[in-house]
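Once you scroll down, you'll see the structures, which are given as structure tokens.
Two complexes follow with chain A in common, the first pairing it with chain B and the second with chain C.
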Partner chain A sequence: MIRALLLSTLLATPALADEIWVTNESDDTVSVIDVATLAVKATYPTGERPRGITFSRDFKKLYICASDSDAVEVMDPETGAILHDLPSGEDPEQFVLAPDDKLLYIANENDAVTTVVDTQSRKVVAQIDVGVEPEGMGISPDGKVQVTTSETTNMAHWIDTTTHQIVANSLVDSRPRHAEFSPDGAELWVSAEIGGTVTVFDAATQTEKGKIAFEIPGIRPEKIQPVGMLFSPDRTKVFVALGPANHVAVIDAKTFTVERYLMVGRRVWHLALSPDGTKLFTTNGVSGDVTVIDVAALEPLATIKVGRFPWGAAARPTPN
Partner chain B sequence: MKNLVASAFLVLASQPLCAETIRLDWLERQVEPPPVLSNLAGDPADLGLAGARLSVTDIATTGKFLKIDWDLHETVVSPADDFLTAAKKTLAEGAKVLIVRAPAADLLALADLPEAKGALIFNTSAPDQRLRDEDCRANVLHAIPSLAMRTDALAQMLLKKGWGHLALITGPQPEDRAFADALKASLTKFGLSLAGEKDWPLTSDMRRSGAAEVPLFTQDLRDHDVLLVADERGDFARYIPFNTWLPRPVAGSEGLSAKGWTEVVEDYGAAQLQDRFRVAANRPMQDEDFAAWVAVAAISDARTRAGKADPATLRSFLLSDKARIAAFLGQPVSFRPWDGQMRQPIPLVTDRAVVAMAPLEGFLHAENELDTLGTDRPETLCKAFGATP
Partner chain C sequence: MSALRAAGAIMTRELARFLSQRERFFAALVRPLVWLFVFAAGFRAALGMSIIPPYRTYIPYETYIAPGLCGMILLFSAMQSSLSLVNDRESGTMRLMLTAPWPRWFLLGAKLVAGALVGLVQVAAFQGIAWAYGIHLPPLGYLAALPALALSGLMLGSLGLLLSARVRQLENFAGVMNFVIFPMFFLSSALYPIWKMQEASPWLAWICRLNPFTHAVELIRFALYLQLNAVSLAVTAAAAAVFFALALWGYEPARTRPPKGE
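Let's turn to the complex of A and B:
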């Protein structure tokens, strides 16, 4: 859905100045990478400990979880100026924006709460009790179901976005970090960092369809810690960032088999695709850089130095 | 809420349909705190217990969604009372899974009770090597690191830094001697050498005279890279740094130390656990708090994954390679099937920061790098686990 929007934007305007925005958790900055030149073209200060990052649907606003400032900051991506804060609850780590652009679902890591904020009225609409240390935030393409995963409770909580009530809870492996709906909304993928697995659920019935484990020659199983996940532009593959294993797994979205492992920088956490879908960007926390992968060839293209401990990433097509 | 429960049933049809209550027992042998020189605060009264309590709150959230109630019973035996009498009473009341804070002798006496045969006991405080070797018991798992795990972590750091010549000062208490022995074994294991060694004999009050006494006491030690100190009660070692004859860093019980957990551990999401603990207990989290916390977390994980909470099921899951318990240390922790010791990364810390995490990069192992710390399968003297030839 997002991607469809991105692609249509692209058809209208040539991809000259597309950007990838990366939060640097230990530097309190965002780095702006020019997709064409693969160079950092700007660095803007943010609140303390920026982690989750996402754009409004029109790309005119950038939302940043400034975790230690206990705020979601709204930035003007044209100038890097912070326009205002949104009330976020304590320690916002990650969030997801509803497809209608209105509600932001925020995981409050320290409070075991999902906070729902109206981005227009800037008011808290609801707070939902979830498990301990919520982090992974996904929303179905039709916007009807939001999923929060809780790291210490080891569950995916399925939240009805009309009533803001939990309608189901699904157990996953240890320390779930990320929840990603398939673009058609039929599946929910949840990564478990310490469990070392990805669980795929049938979204309609919340039943488990499959579980994916990883094995990389020469790398200890305990180093394989899946976190960020992203569907490829053609929806045939899922990319999974494997944390301190320093690789991204490429999974066949139909058969759930791992097709390939791509070496990236150290402690890879989150992923973003260039708006034209040709390049994948990975945030490598420990090495403080971003690896660029050619999506067609599945080969690393470049490494870009950003700030200290890059965490999240989001793409913005820039209309010229 | 009704809605939630109904859906939870659909999702987790394999779970029992009626609420399940699982009893956990905290069993603590209080000891008279040993006298130390410093008048600053000693151990908190709820050391360990506060970790168990927080962990029960944490797992209660999973329990709420799975319809499992965790019920923590607390038995604290004062120094004047008989530990085994209290332990027997607890077991008779139905205790099966016990989280225990007690010295090695009491822990062993508990484990050897006929009533405790089918129980599962988690040691959260005794670091004694013998509990993992000749005195290991099949019904005891160790959530607190052994002395050898801590001293191996320190030795890896010394080797990595190229600080190969060490001197050692050992205090007069049995636990100082035990720590010093473990240190020496680790130095040998990692090819480091002891250039000099002295016992701490002084009874004078170091708070006033450290600057006068320590330089003289350390003057005749042969030159060394680092001065190691064995003072596990925290009695005299705090007065040694910056009072030494030679300007040398201090490590061991003071200075750079290796512990299962301290309040300065913050990476890998640990800051969240530290925050939760500080709010709940109104003090920082210590190693014994963490051991109790992780014991309860492991029990919950085993119950969730293995589907049953009887001691035998929990034990066999935890000793299997299926156990991958999240413990905020950057990689899953698990239990060694040859002696019941929990393998975990060991933070090397100062009072203010984590200096490094052991195992350090480059210390390799054929199966699990965590097994470069402490007693590995080929070296174990433990026979009770049936995992050794």
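Let's turn to the complex of A and C:
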């Protein structure tokens, strides 16, 4: 009897699915993609020019950089309602949430500062002067080091999160747009859009361990502009979005060699993995769509139309 | 039973002829491979083609033309078969075959099926090489495409049969190349999607849409991606039936008598 009841409840529950949330820079919206059906199941309005997007650790809150509204918006992912804004400084483009779920590090592109905001008290905790046009934001898995990259100064700034002071600066190639720590915290990967390279640093010593260049037959080198990066779930590979080259590079995380190039839509910006780690989603700005890649087979599966100029992406596991 | 034996004999002869001509097999493979390795590489769609059904994401040009090249193999194979029929008639084998005590449609049908089988063998070899080259389609798609390839082979074979009823001499076959193979292949969706033709000229796009070869290619393309293109299936099947009926009419005894003076 109880079993029958349980079974019927299970059957009655609507199919729950993991989601990928994508900011549409030109539409001022976020699109919600159902990972199971690969269809857009909801679109919610946001502030102006939404770019950076990330969930709180419990996935109850969604933070969105509304660049032209000069605010970080906090959305309830269940309803799509904007709960409140966070002070963000001017023109927030990209941000990173500390592992403790408390502090948000925001790059203020026009002011050359990194703003640190307490998500609970909703107050600015610190503003750190960095290079010109900060954008790439990474944080070590232990939360002790935050890295801001500045697009015009061409540097990665290593910031101590206890003192909020820059402890080191590393020169990288032209226009660094993204910084990503390896899941073990031992390495920092920085992509340089104009330089067309990815530099790997030893995080403990801030010294360069390697540099990766790209070459795709039939595509002019200046089209290859690395931006977003993401480690594969098993940490053996790193995916790098190559901008207007319309490809994602798959890099061996140990040898730093390019294993494969995967064709995606036009001008690929950022990447997100499905919560189960089987699918990779890429935001393709110019073509206004998201390409889904099978992580095990390393093959593009499908491309889904979203809003105009999709930019950032974040994953949310099955809501409960 | 003896009918089966007769059909078997016709098919065995066709297959044996194909297998004994190694150059023919080689030529049948080289043609599409040149298109794949040279033409497609030169076309440089390294940045990806726009998404059109049945594709679900961006594809390189090589992937786009692979189904068209399968169609091309069937087209050339069918014309080769038609050429051999003209040859058979010149050598007298044809009269021998047609005097067998079975209905004409049965004998010509056996010939047609044999020709389509030869085409399928060539397509399979091409797909193997294309796979090694990096054109990976859904694994089940190769199976799903078999009926589509077979029907396309029969449709093009029927067209060949119809032509062989009209073409009297081997020498005239060059005309078949110019007026049948080339227009059919180039004015189709084999090399470019129809929307691209539409940009060049709406007239061209219409000719492409009316071309049965376009529908054979689309039927194969959709089947390779485990989808059914109902319109293309209907057009290909109808074209096969019409061509075969016309060919039978063309092979009426009264029409197959050698020209006067022979």
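Basically, the second predicted complex is superposed on the first by the 302 of 320 C-alpha atoms of A that agree within 3 Å, B and C clash if a C-alpha of one lies under 4 Å from a C-alpha of the other, contacts with A are read in each partner's own complex, and residues count from 1 in each chain.
Everything below uses one rule, namely that a contact is a pair of C-beta atoms (placed from the backbone, for glycine too) under 8 Å apart; a residue touches a chain by one contact, two chains touch by 3 or more.
What you are looking at is a predicted structure, and each value in this text was computed from that prediction instead of being measured.
Asks: Would you check which partner chain A:V167 touches, where first means chain B only, second means chain C only, and both and neither mean what they say?
Replies: Touch status of A:V167: first partner only.
Asks: Using the superposition on chain A described above, determine whether A:V264 touches chain B (first), chain C (second), both, or neither.
Replies: So A:V264 only meets chain C here.
Asks: After lining up the shared chain so the two structures overlap, which partner does A:A245 touch, if you call chain B first and chain C second: first, second, both or neither?
Replies: A:A245 contacts chain C only, not chain B.
Asks: Under the stated touch criterion, which partner chain does A:N108 make contact with: chain B (first), chain C (second), both, or neither?
Replies: neither
Asks: With both structures superposed, pick whichever of chain B and chain C touches the larger number of chain A residues.
Replies: Of chain B and chain C, more residues of chain A lie in contact with B.
Asks: With the two complexes superposed on chain A, say which partner A:E151 touches: chain B (first), chain C (second), both, or neither.
Replies: Only chain B; A:E151 stays clear of chain C.
Asks: Check whether A:T282 is in contact with chain B, with chain C, with both or with neither, and answer first, second, both or neither.
Replies: A:T282: touches no partner chain.
Asks: Find the residues of chain A that appear in the contact set with chain B and again in the contact set with chain C.
Replies: Dual-contact residues (chain A): 223.
Asks: List the residues on chain B that touch chain A in their complex, please.
Replies: Listed in rising order, the residues of chain B that touch chain A are 3-4, 7-8, 10-12, 58, 61-62, 65-66, 269, 272, 275-276, 301, 304, 324-326, 330-332, 368-370.
Asks: Taking the touch rule as given, give the residues of chain A at its contact with chain B in the complex, in rising order.
Replies: These residues of chain A touch chain B: 91, 109-110, 112, 131-133, 150-155, 157-158, 165-171, 173-175, 193-196, 205-207, 220, 222-223, 225, 244.
Asks: Using the touch rule from the top, collect the residues of chain A that touch chain C in their complex.
Replies: Interface residues on chain A, with respect to chain C: 216-219, 223, 245-246, 263-266, 291-292, 299-303.
Asks: In the complex, go through chain C and note every residue touching chain A.
Replies: Answer in residue numbers: 44, 46-48, 51, 56-60, 136.
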